[in-house]
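Presented below are the structures under discussion, each in the form of structure tokens.
In the two complexes that follow, chain A is the common piece, with chain B as its partner first and chain C second.
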Partner chain A sequence: MEYELENSIIDKMQPEFPEAAFTIKKARRVEVKMSSDKLYNFAVRMQKKWNFLHLSAISCVDWLQDNEFELIYHFWNYDEKVLVMAKIRIPREEESHFETISNLWQPAKFFERDIHEMFGVYFDGSEDMERFILTEWHGPPPMRKDFITREYALNFFHYREYDPEWLKDMTAAGEANE
Partner chain B sequence: MEEKLTQRSVWEKISNKLSKRSLWMLHYCTGCGAIELPPTMTARFDMERFGISPMVTPRQADILLITGYLSVKTLKRVVLTYEQMQAPKYVVGFGSCTINGGMYWNSYSTMKCLDQYLPVETYIAGCMPRPEAIIASFNDLIAKIDRGEANSWKDYYKNYDFYKANQDRTFEGPIETYNDIKADAAMFNIK
Partner chain C sequence: MSKIDEVRDYELFIGPNHPGIEGNFSLKLKLLGDKIVGAKTDAGYLHRGFEKLMEERLFIQNIAIVCRICVPDPDPNENNYSRAIEEIAGIEVPERAKWIRTLVLELSRLASHLFAIGGHAATTGLYAFPNWTIADRDRILELFEELTGGRVYHIYQLPGGVRRDFPDGFEGRVLDVMDYIESRLQDYDDLAINNALFIKRATGIGVLTKEQAVSWGVTGPNLRACGVAADVRKDDPYEIYEKLEFDIPTMTDGDAYARMIVRRKEIEQSISIVRQIIDKIPSGLVWNKIPNPLKWNVAAGDAYVRTESSKGEYAYYMVSDGGRKPYRVHVRGASTTHAVHVLENLLVGTRIEDASQVMFSLDGCPPAVDR
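Let's look at the complex of A and B:
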């Protein structure tokens, strides 16, 4: 039978989370979409019951049209070698809030701090939400879709004028092509 | 006043003659251009033919080589490093990133023109420059020192307000450096 291992994992999890939507993306990659209030319970069971000891990453996607952030938790099982991606959606606000899972996995602190400064999602209950990589940054969270990098850079930084004679023909030819 | 600045005393001439063949280079390797430095330093291109040798601390270094892009975060460290160096000191901008942003021209976190924040002695164009170009620019620098024209470090003391304003604007507030630039300027008699 195809995807025997993946199906056995889903069969274990589905009864406890009947509303969650499980999909097998490919071999050893299982995706699960659930509502955001179920995520913490799911993470507890992943670690304590189903032996997914490793939190590989937490990633964030900005869905500007839906006005939502998508948080993706990547759990890895060392014994069965399966990755489970738990996807949840939270409302997109000036500073969105979500609960931390750093009491379950210590490394989650780093991922959450990173998401906080890149997307502006605050994780309630985390010990440390200080700046992580962009310590000298004062603008809006730069990974949000409505932050336009080029516009910001052109306004903020000084650029050198460079308009030599030999380049003018080439520039004109390029503009004519467009 | 202008004439006085360009005229060199005999002692300065001797000092330039001697220092041009004994330059210690501090390389600030955050960008990808650092990969061109090992062949420049070692047997193939052998930078030490010209008396240039790598140095590990800013206080003993003469050249600050900025290899590639600087983010806002690393620029702060570069400013601190630069101010710790003993005069005379020469900043060499390496690669297109230091000249006008290079391939990171529309990035929100990398600096575009290095000479807005530090006085740059020479630039090496290219993405990235070959060891031959690095050696050529060091030869230019040596010739400049010999002629007594490598005075960009004095520019930092003269136009400190300009550089400081640009730095503060980038970091959104003054940064704490360990050097009193105004007192140093008085010591060097630079107004």
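Let's look at the complex of A and C:
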């Protein structure tokens, strides 16, 4: 049977999360969509029961049209060699909130901190939500889709006239292109 | 109480410009005498906003961006990025291109490992060793220059294959370089790896247990140095790794010395992989034509692709909304765990002279942390 391993994983998980929608994307990639309030319980079972010990990453996608953020948790199982992507959607607000899983996985600390910084999603219960990369940034979270880099730059910075003496001479002599 | 007794612990900043720091990266250490009691990493000096930039560029334009995410080991980025598009758009890659990609990935791993073991030995005072390994790495960069036109950034792997085939006689020159590097391994062992000074400095430094390593998200050579035989090339095979024979070297000590040994053994494995590829590579096309890249609407979808880079698991999560530009590209560099939380945890309890060594032994890559 094709995707035997992936189907066995789904058969294990489906009874505990009957509302979650499982799909097999390809070999060793299982996708599951669930409501956001189920995610923490799912993560606990992933780690403690189903042996998905490696949290590979947490990705965030800004769906501006739906006014939602999508969080994708990538879990990897070292024994069965399967990656499960748990996808949830949370409302997109000025500062969205979601619960942390950093008490379960230490790497989640970095990913959550990164998402907070870039998308403005605050993870309640995380020890460290300080800025990491953009320590001197005062604008809105830059990875949001409604943050237009060029527009922000034009509003925030100003063009300055640059007309030094040495360039005037060159322009007059026809050596520099305006 | 006199003034001197009040000043018990103090803070010390190392970096961002410091010979004991990899790249532009900084550490804020809290010290008690010369013992580190607290550490905080401070990144952001290399933040170029690539993830945002990629959303503003055509799919094809981003290939010149992704390789810059990790400077010493750029090819896993190109490979991940191309494979993600191929998976979303359903593009087939010719067999020969897959072999060439694997060759490029392994050469890149070799170059990066030579850099890493040299840098690690230098942090213990063996300054001759990095001069040797970097000079030897240059021979691999020359191969890259011949094949791709670029020494460091190759911009070589595209959706659908690779940019060009081998030049005439290239296979022979690859084998010559492999023979040369293999002949140097004994010298490496004599100078650094079996050097009593290095063994004394590196043993027992930055010890990770198996359980810690797994729960802290450690991957790659750092994880294998703790006794976990996990490797994306074996566990989640991509390109043609399933058709190749190679071992996964492991150690059980989990200290800086074990990490050095794992990298040293992986160099041998990579040489063997390169030889197998040159021996068995099939002939044929190297690139399947893709739609006009300037007007290419990639089908809507998402993909999570993983590569075993020289530093560990390297993954890309790509989302396409059916447009000409990627909707979202999330880069999961191997160093996002190694150079941040793992480093902070391992530094506590070591002495200040070993701070650099712990960092280099984890082989963190600051540009991949910042993106």
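Throughout what follows, the second predicted complex is superposed on the first by the 153 of 178 C-alpha atoms of A that agree within 3 Å, B and C clash if a C-alpha of one lies under 4 Å from a C-alpha of the other, contacts with A are read in each partner's own complex, and residues count from 1 in each chain.
By our rule, contacts are C-beta pairs under 8 Å (C-beta built on N, C-alpha and C of every residue); 3 or more make two chains touch, one makes a residue touch a chain.
Bear in mind that the values here come from a model prediction, so they are computed numbers and not experimental data.
> Touching A:Ala172 in the superposition: chain B (first), chain C (second), both, neither?
neither
> Going by the contact rule set out at the top, does A:Phe157 touch chain B (first), chain C (second), both, or neither?
first
> Between chain B and chain C, whom does A:Lys26 touch in the aligned arrangement: first, second, both, or neither?
In the superposition, A:Lys26 contacts chain C only.
> Just chain B (first), just chain C (second), both, or neither: which does A:Thr149 touch?
Once the two structures are laid over each other on A, A:Thr149 reaches both partners.
> Which partner does A:Ile72 contact after superposing on A: first (chain B), second (chain C), both, neither?
Touch status of A:Ile72: second partner only.
> Residues of chain A touched by chain B versus by chain C: which partner has the larger set?
Counting contacted residues of chain A, the larger count belongs to C.
> Now for A:Val44: first (chain B), second (chain C), both, or neither, which partner does it touch?
Neither partner.
> Under the stated touch criterion, which partner chain does A:Gly139 make contact with: chain B (first), chain C (second), both, or neither?
The first partner, chain B, only.
> Figure out whether A:Leu64 sits in contact with chain B (first) or chain C (second), or with both, or with neither.
Touch status of A:Leu64: no partner.
> Touching A:Leu55, do we find chain B (first), chain C (second), both, or neither?
second
> Could you pull out which residues of chain A sit against chain B in one structure and against chain C in the other?
Correct list for chain A: 133-135, 142, 149.
> Which bits of chain A are touching chain C when the two form their complex?
Contacts found on chain A: 25-26, 28-29, 53-57, 59-62, 72, 74, 78, 81, 83, 85, 105-107, 109-111, 114, 118, 132-135, 142-143, 149.
> So in the complex, the part of chain C that touches chain A is made up of which residues?
On the chain C side, the touching residues are 43-44, 47, 49, 51-52, 56, 87, 214-217, 219, 228, 230, 235-236, 303-304, 306, 313, 315, 317, 319, 327-328, 330, 332, 336-337, 340-341, 370.
> If we count contacts the way the header does, which residues on chain A are in touch with chain B in the complex?
133-139, 142, 147, 149-150, 152-154, 156-160, 162
> Which of the residues in chain B come into contact with chain A in the complex?
The contact residues of chain B facing chain A are 72-73, 76, 99-101, 105-109, 111-113, 116, 166, 170-172.
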